[in-house]
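Naming follows writing order (A, B, C, D, E and F), and every chain is counted from residue 1.
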Amino acid sequence: MEDIEHIQKEMKLIDGKGRRLDGRKPDELRPVRIEAGVLRRADGSAYMEWGGNKVLAAVYGPREAHPRHLQDPARALVQCRYNMAPFSVTDRKRPGPDRRSVEISKVISEAFSSVVFKEQFPRTSVDIFIEVLQADAGTRCAGLTAASVALADAGVPMRDLVASCASGKIDGVVCLDLNKDEDNFGDADCPMAVIPRTGEIVLLQMDGHLTYDEFQKAMSLSLGAAQRLYELQRDALRRRYAVTLQDILKESPPAPMVAGPAESEPELPAEDDFGSEGI
Amino acid sequence: MSDEIVSELMRAHVYRLASSGQRVDGRGLDDPRKIVIERSFVKTAEGSARVKLGNTDILVGIKMSVGEPYPDTPNTGVLSTSVELIPMASPTFEAGPPRPDAIELARVVDRGIRESKMVNMEKLCITPKEKVWIMFIDIHVLDYDGNLFDACSYGATAAIASTVVPAKAAGLGDDFPLPIDHWPVSVTTAKIKDLLLVDPGLNEERMADARLTVTTDESGDIRAMQKGLSGTFTYDEVKRIIETAQRVGREIRPLLQAS
Amino acid sequence: MEDIEHIQKEMKLIDGKGRRLDGRKPDELRPVRIEAGVLRRADGSAYMEWGGNKVLAAVYGPREAHPRHLQDPARALVQCRYNMAPFSVTDRKRPGPDRRSVEISKVISEAFSSVVFKEQFPRTSVDIFIEVLQADAGTRCAGLTAASVALADAGVPMRDLVASCASGKIDGVVCLDLNKDEDNFGDADCPMAVIPRTGEIVLLQMDGHLTYDEFQKAMSLSLGAAQRLYELQRDALRRRYAVTLQDILKESPPAPMVAGPAESEPELPAEDDFGSEGI
Amino acid sequence: MSDEIVSELMRAHVYRLASSGQRVDGRGLDDPRKIVIERSFVKTAEGSARVKLGNTDILVGIKMSVGEPYPDTPNTGVLSTSVELIPMASPTFEAGPPRPDAIELARVVDRGIRESKMVNMEKLCITPKEKVWIMFIDIHVLDYDGNLFDACSYGATAAIASTVVPAKAAGLGDDFPLPIDHWPVSVTTAKIKDLLLVDPGLNEERMADARLTVTTDESGDIRAMQKGLSGTFTYDEVKRIIETAQRVGREIRPLLQAS
Amino acid sequence: MEDIEHIQKEMKLIDGKGRRLDGRKPDELRPVRIEAGVLRRADGSAYMEWGGNKVLAAVYGPREAHPRHLQDPARALVQCRYNMAPFSVTDRKRPGPDRRSVEISKVISEAFSSVVFKEQFPRTSVDIFIEVLQADAGTRCAGLTAASVALADAGVPMRDLVASCASGKIDGVVCLDLNKDEDNFGDADCPMAVIPRTGEIVLLQMDGHLTYDEFQKAMSLSLGAAQRLYELQRDALRRRYAVTLQDILKESPPAPMVAGPAESEPELPAEDDFGSEGI
Amino acid sequence: MSDEIVSELMRAHVYRLASSGQRVDGRGLDDPRKIVIERSFVKTAEGSARVKLGNTDILVGIKMSVGEPYPDTPNTGVLSTSVELIPMASPTFEAGPPRPDAIELARVVDRGIRESKMVNMEKLCITPKEKVWIMFIDIHVLDYDGNLFDACSYGATAAIASTVVPAKAAGLGDDFPLPIDHWPVSVTTAKIKDLLLVDPGLNEERMADARLTVTTDESGDIRAMQKGLSGTFTYDEVKRIIETAQRVGREIRPLLQAS
């Protein structure tokens, strides 16, 4: 207890040279690694490491929505379930959704509702599952960024990928991508998600204390980071589909009885859904 | 089906009006509805306020009790906010445990109060690590006619301002009012196509593409934000919304501070 | 603790002159105020102050019953949900129904089932919501009396209004309409509800200790009070509909887009459903 | 649909019979069914009784444990009554948390015992404000053939009368029987049209308009009442029902007291 | 506490003469009594006392399965709910299913799925309810054995009765049918259930520590006990139907209004469903 | 309907292959799939392991915390095992409280560890009757391709072997690895008609008549067994399955012990 109070009051989050505790500059992202197509059963999936975060995302659908009375005759439901594994945080979290998870699931569902071509799949649901396996602040942004890759991997038609990164304020300085200590002892946190190609904002939350100027600084950092994440997302998808091709050429698998994920994707998105850069 | 058609007609009508700066109930795009606040409505609560924002009608009660602090904040009181969307208030609300809508609402109202440091929670510590005041903000939505985010926030703020901590009954000295440091004001804007409308009424809310709630303090600084719905905002729109929230917040703040 | 025991043993609830702690005579009601039509969204509503009680009642329906398997092909369901706000009592009540609320909801549902013309609305439900905002004993009677006005305000066809008042015993004396201290430290409580015009009993509960003679005394007090409440209920409805008329004459409202509650009441009860006195 | 028709025919038949003072199973209108009580049926409980009221079959077990008193009754033991309407007992009972029927039933049985002061709960105080005996009355309905209110009440009463408090195992002196001061008896009457039938069987209960349960003590005084169902009673009917409950209660009481 | 530890360490479960605490030999069953047809409402029922266990079993069905989406268009569902009464154990058990009950319900459901002729009753469920009224170890075996009689009493067509008995190891000796103390302080417990006529194993669980040889010893004890239980099951059914016949001859009952269980059994099993010995 | 037909064709195919000792993925009938173990995958846990058994992919995290022992085992630590069948892992898994499948799975994995006395739980006692280490084994199923019983068991075993008890942070001396006495190995066999297949893949599991999980220790002794599904086993089949489990267990054990 004494220690915590002590830390809370004395903790310097930025040193004399403007470096953060983990050595980053204010506008620097933590290391990010994305891998697409990591699960067998899901229609699409992605794994992401982002600083100390380890996040897995999976997508099922479009599939018949259950229970039936939830079906929308005009469009698909886009539903996200964000969940933290009990062991993903320092003090064990009891299994099952808490209020925080429910809220995050809701705002992520709404964010993806902006980009999925829902009208093409009436009465269905597109189900997005995000599992936080190891948490180090910024899990909703990591989950959203990974889930976007999983959606593409599942072949769900959408306007574009979504990328997400928070900015915040620590020791009075606006910084990109806070880690856990910075989030706990900082002054503000502002997660957002955008469609990088158009700059449209699909998720925006904030708590803490930011002047209007600081907010604009934070937004410009996050918008820049989103562009970099967008590149990493597309790299992951390129690697994924390249590997699949290699697989097909190299090892002719022994007569599969069940259609694998590749065969079960009849609705592969038209290329321009992901921008002229393609996948 | 027929609901859908009516709604499309309505949407067209509302949008056409708004394009010329008007709204169905006669307001301008940046005008909130009339706010009526009745403080200390409930005698069994330590603080309370009934707020009408147009025809949206909510009641907030605050109960104070003595309990333990969280281990990671041993010197501060505890704040717990919950919202009940009781089925009395709307044909679309159902009895049962809180749904995502109610949870989001409670958490956004809570952050507006918590992150603005409206109440000096350190003064609610009785004995560090052992005994603190716990403050339950219970929000009862009685009649739902749109924009619960702001109505609930105003109700919570006004109820806090009317709360007297029952220290005497707990053998902890004299009763005292909750120590208030800041006055956050939440302002919610809805987006319909390319138009931005402050304090959406029920019909506006139903047809909105996106929603942004911005809580600012008496310095105009931002204390909490929450985007909702499945539409998007441009960065320019966000900036305009914040500026409007600062201006409207300044107008509303005196209403909340009055007692 | 000491205090509570002390009070419990020593508390005199009736003074030498036969007056109760709040100055009432044994057969005296607390002050009552009823207002009809206080909510916009509900089909009917009423607000009631009764001593220290503040109660709100709302009615929706007849509307399609949900879930479907609950629908009765021969008649409407009459369902009441009695609920106490967390701040309505001295010690905060956790949100959600407790066992007491479930029982009260059940007996109030049954009471209104006696008077609503259920056969006119097969497959529907008439949903009654009672919210106790501030409690001072007798909340079920207040809720029932208010809900009856809300049903009339909603235009639900019924045989008659229902009025409800408890009697009990304190310091060995049978008294009308106990308040919270009297209920806590008294000897018996007997809530009942009747159709005032016919005297039919639609709700009756009792706990404590009453001789048969005392029970009959209590019943005659409650039956008398029900007549007085019946007048107040009808006054509230008369004021409500008078005001509506004035509204129509005075301020011609700017072209409402949605049908207001007044227009959405096609099944206004025939006058004699409320007795020849009318509303 | 066909169920409805049968039930109307049945209702007519039962009513016609009852009009001449008879019932389908040969009883008179004021006669309860045969009561069979088996005490101490369950050895793992501190007290128990299996009661058959006609073909209605219920089992009550009583467990005593040491715990804290409620703050507002620091000198008295705690009583907790619950009823499980297990799906074994009827095709209409479902597994899951208790429904309103079971909750009402448990609360009415509980009030009959609590308000009659059957058990001297002050003698179940061990250390004021700190330690008291908690008495769990758990009622298991095994076979449902009507009138659970009375069957459960008789079961609870008989089980209480057979209970030995396990003080020795808790290091609190010698075991002792529960201290009993009064002998409440619950008598339930169903109303079909204008006729009143004591202790309704399943079919009578199904077609009844209204139901009134009256619990009286050995002085004939009223200790608890509960009206049910959507029909009404006249005041005269209520008085006749109370008088019958007093008379039938006197007949049944010795069965419950026997050990 | 001291006592418990003491007992745990010192408790001798088998005396010098090879007798167990309750006087039994290692291969001896506790006293068993079965009665069929003990409940009025259920389609079939049985009551069983087995040592200190008192267990009641009831069967409803085949009846329409609820909720509908659970219905199997090709066969009946066989569903068991095993439940312990709160007073059936030394420390009161909170009402409702705990994890242990859920698992036992599942393995018993699967055991009976092996023998019921499910294909004859598509879209229906056969619902088996087991209530433990007094527990003394071995309740799942007692429940299963009783439920088997209740299924026959309900006239549910099945390949044969199922009988069940555990064996275990105490003080290093393999013993049949452990009681509560033996189960608590023993080394292993191995409940099983078989179709006695064919020896097919329909339930098998084990925990503790058994060598392969000890396991075979335990199985042979349980298989032998199952044959003895099978006799007792058939005796109970014979008595049940004999009594019914006597009833019909002796007392001509006064015109029953509702069909009793006897009349409601149109699908009485063909005799060979229970083996050539019949019932 | 078409699902049913495909499944019948598949079943015939799998059975025909297996009759000649072959399996769809090329394994022999007694061969488990490839096992890949990644230890200490999660830094926020005191121990963890990710296990792939073929394409079945599970992650186990172990958290240690200080708490009270159960009254009847005052000298031993507490073990709590839970499995979440998260909807990510299969289209047939649903969100919500654990269903019977997940509960059975958790209890069987738990018994394998508990009854084999793998961890010396007495060494997890801090102060008898007062303070012990509580060990939470949380199993997250990420990708479901059959035979969760073995995959989860291997994951739990490997995670236990990688766990360091954070005694220092709790002020209880030096950190130490969990004290391991035994190495249980679970081997599950599925029966399709008259054939027995070790470590069934998803399709084999779907068409299996019965399932038997046998956990043996390093001496080949049996520590836990669980039969599942609605088919039956002959006694001879049970014996063959146990012998296979002993042999396969010996092959797998070194994989789990490696660190």
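Quick notes
Rule of thumb we're sticking to: a contact is a pair of C-beta atoms (placed from the backbone, for glycine too) under 8 Å apart; a residue touches a chain by one contact, two chains touch by 3 or more.
From a predicted model like this one, the values you see are computed outputs, not experimental measurements.
Comparing each option in A-B, B-C or D-E with E-F by residue number, the pair that reproduces over half of the contacts is A-B.
With centres taken as mean Cα positions, chain F sits 31 Å from chain A. Averaged C-alpha coordinates give centres for chain C and chain F that are 59 Å from one another.
Centre-to-centre, using mean CA coordinates, chain B is 49 Å away from chain D.
A ring topology is adopted by the chain contact network, closed into one cycle in which each chain touches exactly two others.
The touching chains form a single ring; listed from chain B in the chain C direction they are B, C, D, E, F, A.
Partner chain D is touched in their complex by these residues of chain E: 39-42, 52, 54, 56, 58, 60, 63, 81, 83, 85-92, 95-97, 127, 129, 131, 133-135, 254, 257-258. On the side of chain B, the complex with chain C involves touching residues 10, 13, 24-26, 41-45, 48, 55, 57, 59, 61-63, 65, 82, 84, 86-91, 95, 97, 136, 138, 140, 142-145, 203. For chain C in complex with chain D, the residues that touch the partner chain are 1, 4-5, 74, 78, 99-100, 102-103, 105-107, 110, 113-114, 190, 195, 199-212, 215-216, 219, 223. Note for the complex: chain B touches chain A at residues 4, 71-72, 74-75, 100-101, 103-104, 106-107, 111, 114-116, 129, 212, 219-235, 238-239, 242-243, 246.
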